[in-house]
Amino acid sequence: MKRVVTFGEIMLRLAPEGYYRFVQAKSYGATYGGGEANVAVSLAGFGIDAAFVTKLPKHEIGQGAVNNLREFAVDTSLIVRGGDRVGIYFLEKGASQRPSKVIYDRAHSAIAAAAESDFDWDKIFQGADWFHFTGITPALSDSAAEICLAACKAARAKGVTVSCDLNYRVNLWSREKAGEVMSKLMEFVDVCISNEEDAFDVFGIKASGSDVTSGIINNDGYKEVASALIKRFELKQAAITLRESIFCVINCI
Amino acid sequence: MKRVVTFGEIMLRLAPEGYYRFVQAKSYGATYGGGEANVAVSLAGFGIDAAFVTKLPKHEIGQGAVNNLREFAVDTSLIVRGGDRVGIYFLEKGASQRPSKVIYDRAHSAIAAAAESDFDWDKIFQGADWFHFTGITPALSDSAAEICLAACKAARAKGVTVSCDLNYRVNLWSREKAGEVMSKLMEFVDVCISNEEDAFDVFGIKASGSDVTSGIINNDGYKEVASALIKRFELKQAAITLRESIFCVINCI
Amino acid sequence: MKRVVTFGEIMLRLAPEGYYRFVQAKSYGATYGGGEANVAVSLAGFGIDAAFVTKLPKHEIGQGAVNNLREFAVDTSLIVRGGDRVGIYFLEKGASQRPSKVIYDRAHSAIAAAAESDFDWDKIFQGADWFHFTGITPALSDSAAEICLAACKAARAKGVTVSCDLNYRVNLWSREKAGEVMSKLMEFVDVCISNEEDAFDVFGIKASGSDVTSGIINNDGYKEVASALIKRFELKQAAITLRESIFCVINCI
Amino acid sequence: MKRVVTFGEIMLRLAPEGYYRFVQAKSYGATYGGGEANVAVSLAGFGIDAAFVTKLPKHEIGQGAVNNLREFAVDTSLIVRGGDRVGIYFLEKGASQRPSKVIYDRAHSAIAAAAESDFDWDKIFQGADWFHFTGITPALSDSAAEICLAACKAARAKGVTVSCDLNYRVNLWSREKAGEVMSKLMEFVDVCISNEEDAFDVFGIKASGSDVTSGIINNDGYKEVASALIKRFELKQAAITLRESIFCVINCI
Amino acid sequence: MKRVVTFGEIMLRLAPEGYYRFVQAKSYGATYGGGEANVAVSLAGFGIDAAFVTKLPKHEIGQGAVNNLREFAVDTSLIVRGGDRVGIYFLEKGASQRPSKVIYDRAHSAIAAAAESDFDWDKIFQGADWFHFTGITPALSDSAAEICLAACKAARAKGVTVSCDLNYRVNLWSREKAGEVMSKLMEFVDVCISNEEDAFDVFGIKASGSDVTSGIINNDGYKEVASALIKRFELKQAAITLRESIFCVINCI
Amino acid sequence: MKRVVTFGEIMLRLAPEGYYRFVQAKSYGATYGGGEANVAVSLAGFGIDAAFVTKLPKHEIGQGAVNNLREFAVDTSLIVRGGDRVGIYFLEKGASQRPSKVIYDRAHSAIAAAAESDFDWDKIFQGADWFHFTGITPALSDSAAEICLAACKAARAKGVTVSCDLNYRVNLWSREKAGEVMSKLMEFVDVCISNEEDAFDVFGIKASGSDVTSGIINNDGYKEVASALIKRFELKQAAITLRESIFCVINCI
């Protein structure tokens, strides 16, 4: 990888200081984050030339997101400035048996409301050899999905490797819509990252003998899912991620 | 006044802790406020039975606004719960020669998106003898303007005194639209609060010999404006407010 | 339950911020709490009409306690205002092998110094069908015990169900005094909540074969204790609570 | 001065962080202070051997007061440990036109409840050549006044210079009681510090032609008051302090 | 200006939170700053391509300085990494009649200990058309002065305009040494910024009739000083800065 | 033990607030600490007369260290004031699988740069019966090692028991230098505290059959090491400390 471009939404994250609950919070710690922006920050941290592409308002909340990315060495020169608002998510950290909670307030953000004409992908991909996005980006709005498609086509045309993390979000779109939109995008994807649930939710691909809800894990099943993804979409590579939900025992045996 | 009902939007106010600027802020102090909600809090502080009416999401950011009003003894039992988001405004406190800044992120809030059918004004005005709103509320959206009109009509029908602070906000609507909408509402208003600029911006009412931008103040002019308002809208009373912009000299002689 | 009234002391809780010890603390987080107030807050949180009755000074530390209860939807309209001080407790949170510490500074509080004539129980119980107090309240002072008795008698006379959590506090009174006072109050109690130790400390009621200090738990013994309480005081119901002291293993296996 | 001993009460000062009001405070900054303790801290800061004498509970809130004095080099080895509580005062800092507020919660403190036998003044004054107290200390309780008297007598007997700042506090005692108690103590005082109001409130000494409430200041009057104090109590010296109440103009011209 | 390079030391600034004094501070706000770095941040804020050159340790305190510059859009790619420590200055903000205090702990910093061979000025000035430094940089150490000279020579050779703010610091070097070193550097300077005191301290240039210590300001004198600087060092331009020391009256009239 | 004197360096400890990393830190919690100072604080906490000896700058960062020791009842009257800087260490607290990190910035501190003549050990040991130092102190600089030797000789001459914790620090000196310097000091040591690694690193003393890096613990080996230390240096006592590195499992089973 010489230069990686990631594309998506970066949101203002507001989390009550300490372990206060939302209804008790008098102060919120403010940072910025989002799936594709986090990938760019991580890559920059490993010394890789990484740019993040999005649309952010010209006002200072938008500027705060830009500055935060710059702080961690991400190239922000390709970010389009305009639109009304920065998406927000509120995070209440869990404690003991109380789980964490997230409240999204991301509708109508600048990137969700962006137009295809806001982005000149030929220019964006100059010098890049890798493009990464996730299934969250096309789920933001119809226009965001169109922009993704334009990006993918431009990347393919320029020989830029395209990777996509399926990342299905039930609050943003239906399984049917996700399947329809993502199938079109997958034509241009070289590397697909998924977990077992996303592959099923979005594409109906399921390993024989696995049962996500029961927690039964079938290692051979992951290979089946990866193979099915590679075959259906003619991928170069597929990666299946596995995150265990571990019961937390802080505070007591 | 036995019982006052105020109606409008309550927003989450996020202000950087200390005197940090937006682009430096790592932490925001969180309170809730809005013109009509503040009136309810003030009246409750003077021991008057005060209820605030709005629409707020069922989630915990909406609940935070409810709890905050309750803390200061405002009756929140008439608040409609539903919708997606709580309006937000970001406030950067000024310091020395640097002025304060406000960034609004209030579009698409639950109250701006509320429907006329969300509010049963006959029930809301039970036991009330005063209804207060400001020109900000009908400016939020067309539906918010309709809800205001329904409220005003119900108040008039029940013999509830109606007061309105013109409070023209250039970012929310044009002078033309404001004039058109507010003129309809004024038919039901008994007491109008305004300053000289708002009376001109919204209704074109201007004192002879005054010049707002030059800072020349003509005390007789205020009486003219008040008289004109009373005459045009058959008001019981009109109040003209005057806030001087005083040059701040903290830090030096 | 249509409406619940709880009665007791609400204290200002001062806990060093973070995990600082008392002797290091430069800042205390301030909240308000107390056994019966917490019950009212919890019930209100479940949507039940809950009022808390106490006496609090008219000054702003007293008002802070009122506002805090209101924030969580507790009816504070029956709180008597007057007296000199709000009881305080200092809490040092434990960490790792260091246990939590509590220093009480509650003597001479407004509620401990209140007079029987401060409370008009007939009025307080209007519309209520449940009254709850704990063994902490009569332990505060002789006059507090008399107020409890007056409350219990008024509740019985109006057909209000009375529940009492024994909650014996060795720092507040002797076992002898507790037994004497609580026995008189139990004549009017319908539902008694206790744990095995409190039943023994206050009334000498002990299950055969149990040994609190050794940690040996005898489940049948709880039934014996509950039966004995019901029989002796002609209760409608008795509940035995059980809280295990679990050894904390944060920080290491 | 080789070694100074001051005697009085040191209180826990709890002030809301920032400029929050009491009813908004979620956090209190905690320091320790009191008239005589502050004198000891100031003298120690100038390099003078200074000891502070009081009674403080053995618990960690009491220890916090001791540590705080030690931090600023005050000798705390003569402090008697015992009693129940540390006096508290709550301070709300004023801002703009809002004045500061103080709520005292100092009754029943360890020093107010101390007995004469708690203090061995012969031992306390070993090596000392100056003893300082203020009119606040004898106002705390009858026993505190007796301890003051015992201290004054012991100081006189050992040739230790005694200074007293009248510091009349209307919330603690009446003018009559203050006059009676302070007159006895003044027999042993060598240096008296006062302002014009205190001299009048406690001893009825008034300059001809001055009027405290009108703000008219009569410089010759101060000399009259000082002369009258010296004459009546056979003092070595009297000092009259003058603190102007200056109107604050922060925020505006 | 197409691209500006500034060169000097960036220090970790540690200032007690709020208005606490050094001896009370339990917490320090941490930012990074220095004369030449601040110039680069300001220029970047105006949209000018600005790079800052220095030497910073590879460890994370050094990285924090780099990240902070990046956040504000300064090009940090030319910073040399190595050496042991980041210079520190402690700042106690003044309040009311208490002045601010600064304690420097900058000796032995990476840049003060840097070698001439650490910097390849031909490479550094690629694409640059302006070079700025201040009199603080050569004052840091003999080697820092040599590096400055090498930078100035390289700039002159490449036709890069050189500006220098005299900025005499009495704690870092004597007037004699400053005069000797700065005179050599001035051979390569095109634009000199100074105030009246610095011109006198470093070069003995003084306006007729002015008296810095008395506060008497002679406007014609500034022109004399500027002319003298231009003449002696064959400058293109000279700027005289004037900062009035205004007596602060916050808190009282 | 009647009175213990400990000697070494006390540093300013700067740790990011909360669990922020160095590169994220905007605020550092400030305390003071060091091996020998911590011993003095602990002894004082147990009520033992404990003095700490070091050299600290006269400025207020130095004074902060003095005040902090005084707060915890350590005698600071023997501390020499002078020199340029207080040693600093930056501490990033670990969290979950991320380990803690320490960055030292202690070179050129006042104590590292102190001269033998700064300390009058005969005077320092007046009234003392125990002297404690660690292997960190002589590692600070050649002059610090000489001061240690002078202290040890004076202690022996006055019959003061000398204890030393080997505490080998690889960043401060080589094994060869440590062995050479510590061997000279051990002539005057009565009680040596060590762990198995330090005994080997400094003196090459190793238990048969133990392997520190493999984690195999051989209890008999500790006795061997202790016996070897006692024999080689004619000690009165040797103590071997053992700190297990326990794998942390906070957050998950």
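In order of appearance the chains are A, B, C, D, E and F, and numbering begins at 1 in each one.
Methods note: a residue touches a chain if its C-beta (ideal position, glycine included) is under 8 Å from a C-beta of that chain, and two chains touch if they have at least 3 such contacts.
What you are looking at is a predicted structure, and each value in this text was computed from that prediction instead of being measured.
Although chain A and chain B carry the same sequence, what matters here is overlap: shared residue numbers make up over half of all numbers found at their interface.
The most distant chain from chain E is C, comparing centres defined as mean Cα coordinates. Note on chain placement: the centre of chain C and the centre of chain D lie 39 Å apart, centres being C-alpha means. Distance between chain B and chain D, defined via averaged C-alpha coordinates, is recorded as 50 Å.
With touch defined as above, residues shared between interfaces to two or more other chains in chain A number as follows: 26, 67, 250. Within the complex formed with chain C, the chain B residues making contact are 67-68, 70-73. Residues of chain C touching chain D in their complex: 14, 17, 21-23, 25-31, 59-61, 63-64, 67, 84-86, 88, 90, 92, 101, 103, 105, 107-108.
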